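Next up is a structure, given as structure tokens.
Per-chain residue numbering starts at 1, and chain names A, B, C, D, E and F are given in the order in which the chains are listed.
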Amino acid sequence: MGEGKTKLIDEAGRRRDGRKWDELRPISIQVGLMKNADGSAYIEWGKNKIMAAVYGPKEVHPKHQVLADRALLRCRYHMAPFSVDERKNPAPSRREIEISKVIREALQPAVIVEDYPRTAIEVWVEVLQSDGGSRVAGITAASLALADAGINMRDLVVGCSCGIVNDQVVADLDDTEDKEGSGDMPVAIMPTLGKVTLLQVDGIYTREQFQKAFELAIEKGKQVNAMQRAALNSRFFGGEATTSEVEEAAE
Amino acid sequence: MGEGKTKLIDEAGRRRDGRKWDELRPISIQVGLMKNADGSAYIEWGKNKIMAAVYGPKEVHPKHQVLADRALLRCRYHMAPFSVDERKNPAPSRREIEISKVIREALQPAVIVEDYPRTAIEVWVEVLQSDGGSRVAGITAASLALADAGINMRDLVVGCSCGIVNDQVVADLDDTEDKEGSGDMPVAIMPTLGKVTLLQVDGIYTREQFQKAFELAIEKGKQVNAMQRAALNSRFFGGEATTSEVEEAAE
Amino acid sequence: MGEGKTKLIDEAGRRRDGRKWDELRPISIQVGLMKNADGSAYIEWGKNKIMAAVYGPKEVHPKHQVLADRALLRCRYHMAPFSVDERKNPAPSRREIEISKVIREALQPAVIVEDYPRTAIEVWVEVLQSDGGSRVAGITAASLALADAGINMRDLVVGCSCGIVNDQVVADLDDTEDKEGSGDMPVAIMPTLGKVTLLQVDGIYTREQFQKAFELAIEKGKQVNAMQRAALNSRFFGGEATTSEVEEAAE
Amino acid sequence: MKKNYVMETIRKAQMVQMLAVGKRMDDRGLDQHRELKIETGVIPKANGSARVFLGNTQVIAGVKIATGIPFPDTPDKGILMVNAEILPLSSPYAEPGPPSEDAIELARVVDRGIRESKMVDLGKLNLVSGKTVIAVFVDCNIMNVDGNLFDATSYAVVAALRTATMKKYVVKDDKAVATDQMVPVPVEKTPVSVTFARIGDRVVVDPNTEEEASMDMRITITTEDGGNVCASQKGEADSITPAQVLQAVDTSIRLGKEIRAKITEATK
Amino acid sequence: MKKNYVMETIRKAQMVQMLAVGKRMDDRGLDQHRELKIETGVIPKANGSARVFLGNTQVIAGVKIATGIPFPDTPDKGILMVNAEILPLSSPYAEPGPPSEDAIELARVVDRGIRESKMVDLGKLNLVSGKTVIAVFVDCNIMNVDGNLFDATSYAVVAALRTATMKKYVVKDDKAVATDQMVPVPVEKTPVSVTFARIGDRVVVDPNTEEEASMDMRITITTEDGGNVCASQKGEADSITPAQVLQAVDTSIRLGKEIRAKITEATK
Amino acid sequence: MKKNYVMETIRKAQMVQMLAVGKRMDDRGLDQHRELKIETGVIPKANGSARVFLGNTQVIAGVKIATGIPFPDTPDKGILMVNAEILPLSSPYAEPGPPSEDAIELARVVDRGIRESKMVDLGKLNLVSGKTVIAVFVDCNIMNVDGNLFDATSYAVVAALRTATMKKYVVKDDKAVATDQMVPVPVEKTPVSVTFARIGDRVVVDPNTEEEASMDMRITITTEDGGNVCASQKGEADSITPAQVLQAVDTSIRLGKEIRAKITEATK
């Protein structure tokens, strides 16, 4: 996190892109675009452009990784070399290895792995263009790709990142707010079950700020979940998701 | 080896740390400190601080490395990044790969590998702080860790490094003597059986100097063996090793 | 390829080393020099010095690469660190990985892989000194090494590289012509069957130049094939290959 | 990738039988590419980008531009690098990890077509001879594999480069300084790759995955604006006759014109 | 690591039953850390070092300091790097080789607590902006694994940094020159990590290996001297309720004070 | 490499029986090397090169010379690097890939003999202290394995270095500039490695592959022109008596003279 000194919120309480403190960036989601994958979802969230695809359940290779009582969930979060300002080396960085692990652990609570013993389920998250909150956007897409693949799930998983900018709690940090702000807190939840499956915290939060940011992230996650459900609906039943569905889901 | 030009021995025959030509640095040994390992030993020898631990006999992975008639002995000599003056890259260097091999081949003559067919015995030597003679100190600790693990052995293995400093044979070179001196000869022996299991030579030795340094290394090795036996004794029968035991063993 | 501006052909139509436009560099071939390999051939072609050796048919490791209906053909093209002007890093470059693949695919049409199901045939091509056309020289040697190993083959494989120098089609480019010229076209053929097994093109060719260079490469390949056959003959029946055999084969 | 020999053999036999009467399983002509769709500017953070659909094969190419040190043997030329990753999400057979042999060949063959056609004038990317030049990286993400990665990737790279812009640099006291002005990458040519597969004794253009599973040999021929050949690569474990090569060259020149027009249209 | 499902299931059932009545197998309270022992200066060749015992978990951290080139986006700040190796001698499940996913997560979570608390004032490690800064490497050797590597490693790193000294540099003509004087590393804060495991529906502090084998979820919360949260990481393949998170924050703030006092005492 | 225990055991028993009466399977004396053939200048593009045949063991060494930056602890000395690759074409047991443990030991033991004998005067390879020195790379290609790679590789490296030439450099304004003049590499000594194998209780010189398959222990002793020992390495999983070591030293000094004469003859 940065020093938090750059002025990112104006006198009228508007952020650089005109958003209010608790407002999400524009989000659009499409399910099922990829031809070869068993399931897929594409999300644009702010400037993030992320494709998630799922293969499986499939045979486990190498054999010694087989789990007798459940599926082996694999996950890779990967950034395209052209996804960031400076070209990224295509080899996986330590950051990507860690994020792959926390994404896998954010998705696994929702996947009924016990239904697929001795198989592998692979989740590939490719960041084509990166902005603040790419891991929660990746999780949001990945859980849709799992659903699209017909994998048995307890709930969807959806995320949102909140944080501290100019000593104020704000929702859904973009890249500049993430780098210049003083705190970033990505959270993923199972919205129906009301459980948290990912939590990472960067920056300095008082006890009150922590709670406010954390609860805001959960609330915003539920809002994004409405869009997830609309996207799934439009994939399987055609047509556009109706506003009432979105609102109902957002409650 | 260096040029051998730095003055490392004074007129009175004393080395920079006050030792006589044939004197060992202070050595202390403790056996059995590590909780998880099947056997372990910790040695401080001069400024060397080295932990050796043994796991096994255990299943061999990958399977194709199984030896039908004996145990597979594995060994890694590794230096902690903070063990030397300039931070060491944690990836294994060519030097560490070679030393891992010669340590394994120095220990193997003493291990009755035929008693454990189709298994692996793993020896991990971690140099926490490095000084001259770290490989012989590592071997000295590793053979105790093997004994502590209850592995059947023909003898302990013990080492000492001798060399040439200011054209004089000296025992147990420290780091400066190793780098500025003109010859370093690490030797490991099975002291009871009177056999040499490791010999490496650096630097220029006349025939006479070679023999003197080599025989000195064997003699000093026997002296260190007395400390090994005292440390084992104190591990298994409690109490301090008595002087008479040490002297008897040193003969 | 370079700019094609350096003057590489003089007024009399002679190239820097005195060759005419369609003349080959000196070539010498010996079969069966290596003691351990199942088959081998050594070629000097211009300044190229290349050893090819074959092991197999042999067991496939790892097992999961086994092909049930044919042999697995493996190939490595590797340049010795001292083979080029600037020392080459011994790790395989992307160029070496690509050339290993195209050499394998140039040889495979001639190898009756169906005769050796569930086995591996390994072809190792080591460039000791490199000049223009090292991949076609390597293929020429490798197919002899396969024959020397007694592997069933439909035909030999032989190559030659032609190209464009000073806007003129020439045969068998050397290193300077390759780097300073404006086009390089390595071609490998099965000379008896009249089929092309390798074709790579670099540089700018009009339709006519393409055809002329391509057909020249095939013609020159047949000429080199005569030398291949002479070398095989001398390996298996002793003595020198007779000129008439060479001429007959070259037709 | 080949899993089921029996199925494969049956499938190939059927394909060969159809090809004998000039038919392909998806009803295309032997010399007909699948539908080509080119979108540019898909990655705004890149200096240039394109997404290409060739039938169900999908590739995204992104250009990134920075300053770099020239290679010692070309001290006054910019640097061009093409890389490709066959993403694990693109196919059930792709795996994560360092670039496979196939991905390396793909990137190098596409690179060769760009480089040998002199599409990008590397001389214009020189800033301070021997010290600083402009480096152009083109990275290709293979998103969905349905055959003929060579052509799809090549078209994506060409489209990304044709629409790429970069900071204008000025040189002061032998130091290159970036200005705020954006200028196009100096593109001179539009190379077009055309890939053929031989299945039995018939040669078809733009093979899809099903056809690649049955193909004996693959050949790519790249031509530039003048109808000249600038790159070629034969692949796979079987051979081709000289006559087939020359016929492929003619077809590549002919189809190259049509596809060049499409790429030019999509990137103007 | 999980080898014997039957044994595990039995063990976990027993643990859950005990936790239901507020008991742990080693008789600790749910919010009680194991005995914490901190030794400093254990590696005299390092600029700072500490060995931490947390129950039977043992970690050695060593600090090495050198000059380096700053990152382009922070030209006037020093460099801080935390690495961890789970040594093969530390556990029957650890293996030699490049850092595992677990070791990378461990190092990055510990790094985050140090970095985000602004424990080390990186601005004071600047020597010549954009050219030379002081680089602080902290390497952690995991010596024995008995659960909760996160806290043990974090305490070792904090203790090593609090006792680290480095050469004083002076800048002459834009060049940094080392003097013979040793000065402390500019430490401003003492972050304290507290790690929790959820087993069934109970949350315990500082899980040992046995508890980790049965845990459903792990969460680490790091606080700094002002009682503010500066880092957190949820791990393992299950979830946590929002109320449990907030309760863990409160516990971490409370326990953080006690542990901070212990670390301060051991490193003064 | 050991594949067939039964065959090995029989073979070894037979070998031990013969050695007991002073006989080797290839009729050599216990202290007798196989025929040594040295060709130099085999790779004209290298600065120096040699191909050595020791019986059927064949090694090619090539020297490449360039300028480089000295190591910080030896700012006024050139750089010498010896690398070895046991090529997959050399033996049915060699595999492609990064250098094996055996290849690393081989290169380092050969390097040690060259370095410790002070064969190459590294002080004379200094150009601009702390900035530019001459770097000498010796790469060894093991072409055919028939035992005793240590001696064959060592002889190849020594012969390649003794015949190597390099550009003469002049230093102007602290910059090293290459001239067209070629000068020899500054060689002062001719170290000779002699390798022994213990099989049962007999020690033989220059073991071939068959003998290596049965050997219990291997020892290499390298001497320089003055008859002094400059390097040694014991290998393999068994031990040696002190008396055998000293006897090997004497033999190495004696044989070293003969072999040094052969190398000198072949490289003058």
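As a convention for this text, a contact is a pair of C-beta atoms (placed from the backbone, for glycine too) under 8 Å apart; a residue touches a chain by one contact, two chains touch by 3 or more.
Note that the structure is a prediction, hence the values are computed from the model and not measured.
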- Treat each pair of touching chains as one step and give the shortest count from chain E to chain F. 2
- Chains shared as neighbours by chain A and chain D? none
- Recurring contact interface, reference A-D, options B-F, C-F or C-D [over half identical by residue number]: C-F
- Tell me, please, which chain's centre (mean of its C-alpha atoms) is farthest from the centre of chain A? F
- What's the chain with its C-alpha centre farthest out from chain D? B
- Whole-Å separation of chain centres (CA-atom averages), chain C against chain E: 58
- Item | Centre distance in Å when chain A and chain E are each reduced to the mean of their C-alpha atoms | 27
- Which residues of chain C are in contact with two or more other chains? none
- Task: Spell out, as numbers or ranges, the residues of chain E touching 2 or more other chains.
- Result: none
- Task: Take each protein chain as a node, join two nodes whenever their chains touch, and name the resulting shape: line, ring, star, complete or other.
- Result: ring
- Task: With chain A as the start and chain D right after it, run through the chains round the ring.
- Result: A, D, C, F, B, E
- Any idea which chain E residues touch chain B in the complex? 42-46, 49, 56, 58, 60, 62-64, 66, 83, 85, 87-92, 96, 98-99, 137, 139, 141, 143-146
- So, in the complex, the side of chain D touching chain C is made of residues 5, 101, 104-105, 107-108, 112, 116-118, 219, 221, 224, 227-242, 245-246, 249-250, 253
- chain A residues touching chain E in their complex are 1, 68-69, 73, 94-95, 97-98, 100-102, 104-105, 108-109, 185, 190, 193-207, 210-211, 214-215, 218
- Task: Enumerate the contact residues on chain B facing chain E in the complex.
- Result: 34-37, 40, 47, 49, 51-53, 55, 58, 76, 78, 80-87, 90-91, 122, 124, 126, 128-130
